[in-house]
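To keep things simple, chains are lettered A, B, C, D and E as they appear, and every chain counts its residues starting from 1.
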Amino acid sequence: MQPYFLSLLIFSPLLGILVLSLISKEQEKAIKWLGVLATLPSLCLSLFAFWQYQNGYDISQLTEKRSWIRFGDFPFLRETDFTVAYELHVDGFALVMIVLTTILATLAALASVSIQKEWKGYFQLFLLLEIGMLGVFAASNLVLFFIFLELTLIPMFFLIGKWGYFEKEKAAYSYLIYNGLGSAVLLIVIAILFARTGTANIAELRHILTDPIAQMQTISPISDDLRYGLFIALLVAFGVKLPIVPLHRWMLRVHVQAPPSVVMLHAGVLLKIGAFGLVRIALGLFPGQFQQFSTWLIVLGVVNLLYGAFLAFRQTDFKMVLAYSSVSHMGIVLIGLGSLNEAGMQGAIFQAVSHGFIAAFLFFFVGVMYERTRTTTLARLGGMAKTMPYASGFILAGAMASLGLPGTSGFISEFMAFVGAFRAEPWLAAIGTLGIIMTAVYLLRAVLRITFGQTTVTNVHDLRGIEWVPAISLLLFIVIIGVYPNVLAMPLQTTIETMMNGLGG
Amino acid sequence: MSGQYLAFFVLALIALGGGIFMLNLNKVVHMVVALVFTFVSIAGIYVLLSAEFVAAVQVLIYSGAITIIMLFGIMLTRHQDDGQSTGSPLRKALALLGTVAFGAVMYIGIRTLDFGTEAVGLHENNTEQIGIALYSKYVIPFELTSVLLLVALIGAVILAKKDDKEEGE
Amino acid sequence: MMENAWLIPLFPFVSFVVLLVVGKQLKERSAYVGMLLTFISLIYALGVLYERWTAPTYKQAYTWLTIGNVQLTVGFEVNALNALMLVVVSLVSFLVHTYAKGYMHGDERFPVFYAYLGLFTFAMLGLVISPNLLQTYMFWELVGLGSFLLIGFYFYKEEAKAAAKKAFIMTRIGDVGLLIGMILLFLEVGSFEYEAIFAALQNGNISTTIITLSAILIFVGAVGKSGQFPLHTWLPDAMEGPTPVSALIHAATMVAAGVYLVATLFPLYEASETAMMTVAYVGGFTAIFAASIGLVQTDIKRVLAYSTVSQLGYMMLALGSAGYVAGIFHLMTHAFFKALLFLAAGSVIHAVHTQNIEQMGGLWKKMKWTAPLFLIGTLAISGFPLFSGFFSKDEILLAAWTHGHVGLFIVAVIAAFFTAFYMFRLFFLVFAGEARTNVHDVHESPMVMVLPMIVLGVLAVVSGYVQTPWGAFLGEWLTEGTNWHAHAEGPSWIMIVATIVSLCGIALAWLIYGKQAIARDWLSSRFPMTYNVLMNKYYVDEFYGLTVMRATAFISLLFEYIDRFLVEGIARSLAAATRGIGRIGSRLQNGQVQMYGTVTIVALAILVVIFAVTGGYL
Amino acid sequence: MDFETLLSYQWGVMMPEFIILGVAVALSLIDLFMPEDRNRRLLGLFAFVGVAVSFVSLLGLWTTGVTSILDDTFRLDSFAKSFKALLLIGSALVLLLAIHYEPNERIAYRGEFYYLFLTALLGAMMMASSGDLITLFVGLELLSISSYILVAIRKKHTLANEAALKYVITGSIATAITLFGMSYIFGFTGSTNIKEIAQQLASTYDENHQYILSVAFLLTFIGLSFKLAAAPFHMWAPDVYQGATTPVVSFLSVVSKTAGFIIVLRLIVSVFAQTPAGSSASMLMTLAPYIAFLAGATMIIGNTIALRQRNVKRMLAYSSVAHAGYVLVAFASLSMFMFEAIWFYLLAYLFMTIGAFAILQVVSKHHDDEDISVFAGLYRRSPLMAIAMTIFLLSLAGIPGTAGFIGKMNIFLGAFIVEPAHYVLASIMVITTVISYVYYFGIFVQMFFRPVEHTHRLEWPPGVVTVVVVCIIGTVALGVFPNIAYDFLAPFQHFSDFLQ
Amino acid sequence: MSVPLSAYLVFALLLFCIGLYGALTKRNTVIVLICIELMLNAVNVNLVAFSKYGVNPGITGQLFSLFTITVAAAEVAVGLAILIALYRNRKTIHIDEVDTMKR
């Protein structure tokens, strides 16, 4: 593989943006096809890399590093101090997330056929968003990570604000402010670490922060109190993304107001950045603090799980049900992370990936449904199994995956997270299992409301044409992971081992 | 009490008195006139401080030129001489409070300030000394001041001049 | 053949997939696909059973998931118990596939029905051959999915929708218990394999607390699946599904999975007296509890459903009384005669288009095949001597007695009496007396429905002879290599008592409903309270409605308020505070230039005063 | 001192100033003798060329060592050079805007605009390279008085009158306060030469003297905060910005603000850096918390009030207040990054602000009020300009990929590297930045989401387009490759000659 | 025995405060301008006093005050010119009536 492989992978949607900007606004068909096509190079590249990795290719060879920015070259500093390199690096976890991103991006692009206006701008922003997401997972230094993270912020604002539903601007602002504050907190952490150690490279920082000898040589000292502060700040920063209750309000609005194809990416990938960040940065840099707060993480996770579940039970809009369901499911990520053992970690990461597929899958059908019925209100829907049997079947399958039915990815992740949690905090975990029941309760309530019962909206057609592609492929991924989870577990093994080593056991 | 003391007190009293009158008078013209006393007294204090040239300039510029300009301005603006202030009392109180607090803090610092030094020979050829300094060491700011005055001149002209078209008004 | 036992569940799965994809084109020909594939399964299962007869237990495992250094595996195992179960399940499934061809004829979603049946059969067979708890759990849940889908088959009916939901959720509550239980075991043992768990039990590597706790938690799973009290309420409601489904899932196979699970983990329960007691008492209580409700129900399927609940309780009671063989034996016989009863009931419903037994009657003459078959089933379940139920029930009573649970023994006897009574009440009301139906052209069902019933009818009679007081044929095979009793030895009067009780029940039913010597409203008029309580199933549903549902709704409401007012409120007030600062700032910005100066001076004064004070100059 | 001595100085180092002065004088003469009806645009071009030549001559002096004329009344050091470069670049861009500024009412005295503009620039440049209180003061006043007139130049425009009056009154009060402080600084040293002052003050151990000096410090700083448009002297900014013409506003918010930072750094840092005070290392350190406090207040005030604005100019005025606060954070941190951070931020700010004003100037051309709705549907009317505006606003908001982000990052580095680190101040900065998203993105909402309100064609004169293009290049290039700018400063060795 | 430095400084401070207060409260813009002049005069008194009694006394202070005076004069001239321009349009010299732009 080429030394530019990762850059190529991340920035290949740029080509699409450029080509799109040359096309006239009116050529709707061409724009749509180009939009989908433009996501393909990165999809192919990422799948290729994944395949290679499964066949034993050493993924660290893909690492790229080029010097880039240097803040201040004072003579008394080392050559590398206060430099930010353009450096990319992937491990198993990152690669899995990248594959998830590229797959969902392509499928969401396919699902974007329901977008009603200004396809050109839509796809350009969409591709920009993809670049940002891919970059976040591949960045191996904090500044670069932050840059890519912010790169997702702007396109999302426009995608929500322009192509969303009635309260789209409000939702866009909610998104902006909450995530802006989250990123702001993250920026503070990054700047503190950068200023005090002179480096922003995650691996170097981990070395400096965990190695007692290296700690002595920082530019400015990093006290224990500061570590706690930084850790909590990171928790808040990624807690907004994930989201952790009570920082979740924004994401409800986004789920409800953004166009479904965007929510596919949002729920599928963007929320996972929170989990990714918690693992990569919070756990990677502050293992000691992470250990001390692990019980609280489980508590937060259980709160998320139950809070989301109980609230989802009350919602009258299917999108809101799914939104709270996301809150609830992210609780499982937290529970898994807080367990601090292999099973929990693996469960958390599995949940991140699995929820990515499942949420995207369900939101794809929200889009399908809305396109036909112009509503997502539960009270106005019913008996879709009669008019749209296949779509209903898929929705039901999605709900089943979401509530953790074995044979789907949802089960594996939930199961592992709870195995981890029972090992760490049996009582909290036991409370958490209540969430498993509640998940079934609210999902069945909502889904049966839509698919079963008297048919309310007639004259709608079932899935057709291109819509089958996202539906089937997403379900396939969900089932593959559910039936043969090692396909995911093997790539993650080294990552989890590294994390566990960082925790000292 | 030496004559210097006496002179200082008298001059200071007049100057401050003029200022306080200014604050309390109602007619604009009266205020300006009150301030003339202040400016003149300050010139006197300059003399006490061996700064004859500055004193002369003070008389010329402030007591003369600026006061005249002011009066001129008052005339030009049709003599709206009700100098009474009508702003909100709260704001005035705040201004007073702020000023007094500031003054008090400053006062604590300067009430006993004394470096125990005294310049000698300042009044000898005062103007010449100033001239030499001005044309040697401070020639750059001096020239710059000329630009500044030019700017002020042009500015005042273009702003205050009545446009030809408007003259029919 | 045993090496390929994993193919057995796969055939129905193929049926599921094929019908899902091309079902629409096949229309009612789908039935043949389903029948063929389940038939292959049946043949295969029979082959496996035959082979297992002599060969030792066969097990195979593959790595499935790696967690750290723990390898979780999937695979399959053929032992005596599941070889038997494979046959029972695939047989009943095949018969139901056949029967449904007639029963479901003309339904719009015929292929879907068969697809679901395939899915269910796949899951049930998969459950049976699972060699470890995790895999068991996975199929356990899939079975639930199949049940859910089939209960909700008439999705447009609100009742079906509610019943499906209820079934899923109630069983899931149990499943969570199972999940916790098995995770606790896993954490203790480090493996989900039954073998490993049993080995650890033998070596005493598991603390007693964990044994008891996990055993009880796993039993909670069984309670959910097998409709034991207090999670039984879904099972009667599940009768909203098509009748073949009730026969297959809610009588013969899935609901027995709980019993099967406890049986599989029998060594675990043996190791904890508390767990055993729990199982026995819950089973016993359920047996009499459900039977008493069954006394007064008027819906033919519901009577059968409560009967099922009661019989499952019986099995639990047996297992809890160390009657391993008894439990499984009854499971098998019950599978046959209860499936028969349901299919026969289906046949009746098919004929009279109602499920209310008050609107039936006098069908004996009109349904030449169904009526006798139903009678066979009734006799079997009532424990009429020499029918299969007689032997298995006898085995259970023996087990209870020998294990020393006198109280439970009495309960079981009373339940047996109730069973005999309500079953014959049902029989008399449906088949004897005057025709109370509005349907006039009542006719026998087609042969495709009758044939499976005949097969089951034969089995309902003969299956009891595999384990009689005179020869514990089944028991010896099942307990081979263990120290469990192949046959409970007990006083012989027990059999006589059982016979008498069952005959009394039948007699009483005949007196009231056959001969009508005793007024039918004897109970309702004498003890209206009791009658109402029974009629309303002890108000369990209402109780749940008032407690659990209310609590859930309340918590949801509470969270909703927290979310909407507290969380959002804080966010909003922060935003408002920000805007407030802006408003104050812009109020100062009132256009008055002197205000601007004042602000500056005040700020300056504040700064210098602070400086003077903090610097200690003032 | 005789004439020979005078001639012996290296007057060549004043070349940039001489060029500006010469052009200003020449312009005033040309304007006088030019026929009334001739377009004064030519004068603008001439002025632009003058600024450009001056910039070139400055580049010619780039590697010249520290040069002092007449006891530091003029002083060319790296600080002077780097900041003068900012002033000249900013002025050049503003001039290009001004050439194409055609408001509804014709400005009667177009010619004056250009040479007053140049004298203002001259004042600022003199401040940049002066080591003497008097020169600093005169330079400051030259800039101020020229600015007053520039604001007032639309004399028939009532808002302009009002703005100018407010500007001149607050400005004069600020001058008086600054001078009052300066008079004490002078009194404690008897010198106007900053180096001498610093040396003299370095031996001030009397506690009472330190007290007076500290108060004088605060007086001076607060007086100068007028030029920065920082709290508590920020309140004129919105009114003046609203009343003044767009080129003048961009001049005020870029060149004048830069000049403000120049004098603050020159005066405060070099005078007080070595003055002992109490237990702390220096008076500057002791009083840094007060600056930090003002910086925090500035950021909060600027950003929160900006939320309420519908007039884009006022919004940008508050935004410029906030940005002054950000730069003050770098100042209050007093880290080794301070000069670079301030310089870089001002450079970034220059590009993004002038770019934004350039677009505002065209968009609001036919509207007397610069209500935010003038941007409605800009993306449809002129997509490229809408994207350009987006980039400027993103940069102002500090989004990565733009110069604004690197500038902020640099400031954070400074704030966190010192001990004790300025966590609170940096947090305020970050949070208020997020608040600023709201109003910046409000313009996006107008540009991209709203339907077109005004359908008349937008004309993009070449000068404005040039400005926009230059600013875009500057904003993006500095955001992606900030070392371009840092390399410029490389010969200066981190302004090590600042105190020499 | 001469008048101490502090006396001059206090005098200047008082003048400054009077000027400041007047500038912030007087309604007539002309008076406001003249009050600002008073503040600048206070500065001059300081400078001149320091030039006699300060550290390193000398002529510099007087020189500084000359610059101040010049600049102040220029400032007041421009201020008045602006006031006159304003008066033409608004017919008022009352500073509190000049508040069209706010918030």
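Just so we're on the same page, contacts are C-beta pairs under 8 Å (C-beta built on N, C-alpha and C of every residue); 3 or more make two chains touch, one makes a residue touch a chain.
Per UniProt, the chains are A = NADH dehydrogenase subunit M; B = NADH-quinone oxidoreductase subunit J; C = NADH dehydrogenase subunit L; D = NADH-quinone oxidoreductase subunit N; E = NADH-quinone oxidoreductase subunit K.
Computed from a predicted model, the values in this text were never measured in an experiment.
Shared contacts of chain A and chain C, meaning chains that touch the two of them, come down to D.
Touching chain B and chain D together: C, E.
With D-E and C-E as the two chain pairs, more C-beta contacts join D-E. Of all chains, B has its CA centroid at the greatest distance from the CA centroid of chain A. The chain with its Cα centroid farthest from the Cα centroid of chain E is C.
Measuring from the average of all protein CA coordinates, the nearest chain centre is that of A. In this assembly, the C-alpha centroid of chain A lies 43 Å from the C-alpha centroid of chain D.
Spacing of chain A relative to chain E, judged by their CA centroids, is 64 angstrom.
Centre-to-centre, using mean CA coordinates, chain B is 6 Å away from chain E.
If you average the Cα atoms of chain C and of chain D, the two centres end up 78 Å apart.
Among the residues of chain A, those touching two or more other chains are numbered 177. Annotation for chain C: residues 586, 589, 591-595, 597-598, 601-602, 604, 608, 611-612, 617 touch two or more other chains.
Looking at chain D, one finds that residues 134, 137-138, 141, 145, 148-149, 152, 155, 165-166, 169, 173, 177, 211, 215, 238-239, 308 touch two or more other chains. Counting only pairs that meet the touch rule, the chains in contact are A-C, A-D, B-C, B-D, B-E, C-D, C-E, D-E. Residues 592, 594-595, 597-598, 601-602, 604-606, 608-609, 611-612, 617-618 of chain C are the ones that touch chain B when the two sit in their complex.
Taken in their complex, chain E has these residues touching chain C: 20, 23-25, 32, 95-96, 98-103.
Residue ranges of chain C in contact with chain A, taken from their complex: 63-70, 112, 134, 137-142, 145, 152, 155-156, 158, 160-161, 164-165, 168-169, 172-173, 176, 179-180, 183-184, 186-187, 552, 555-557, 559-560, 563, 566-568, 570-571, 575.
Of all the residues in chain E, the ones that touch chain D in their complex are 16, 19-20, 23, 29, 32-33, 36, 39-40, 42-43, 46-47, 49-51, 54-58, 60-61, 63-64, 67-68, 71, 74-75, 78-79, 81-83, 85-86, 88-90, 95, 98-103. Of all the residues in chain D, the ones that touch chain B in their complex are 1, 6, 21, 24, 28, 69-71, 73-74, 108-109, 112, 115-116, 119, 122-123, 126, 132, 134-135, 137-139, 141-142, 145-146, 148-149, 152-153, 155, 208-209, 211-212, 215.
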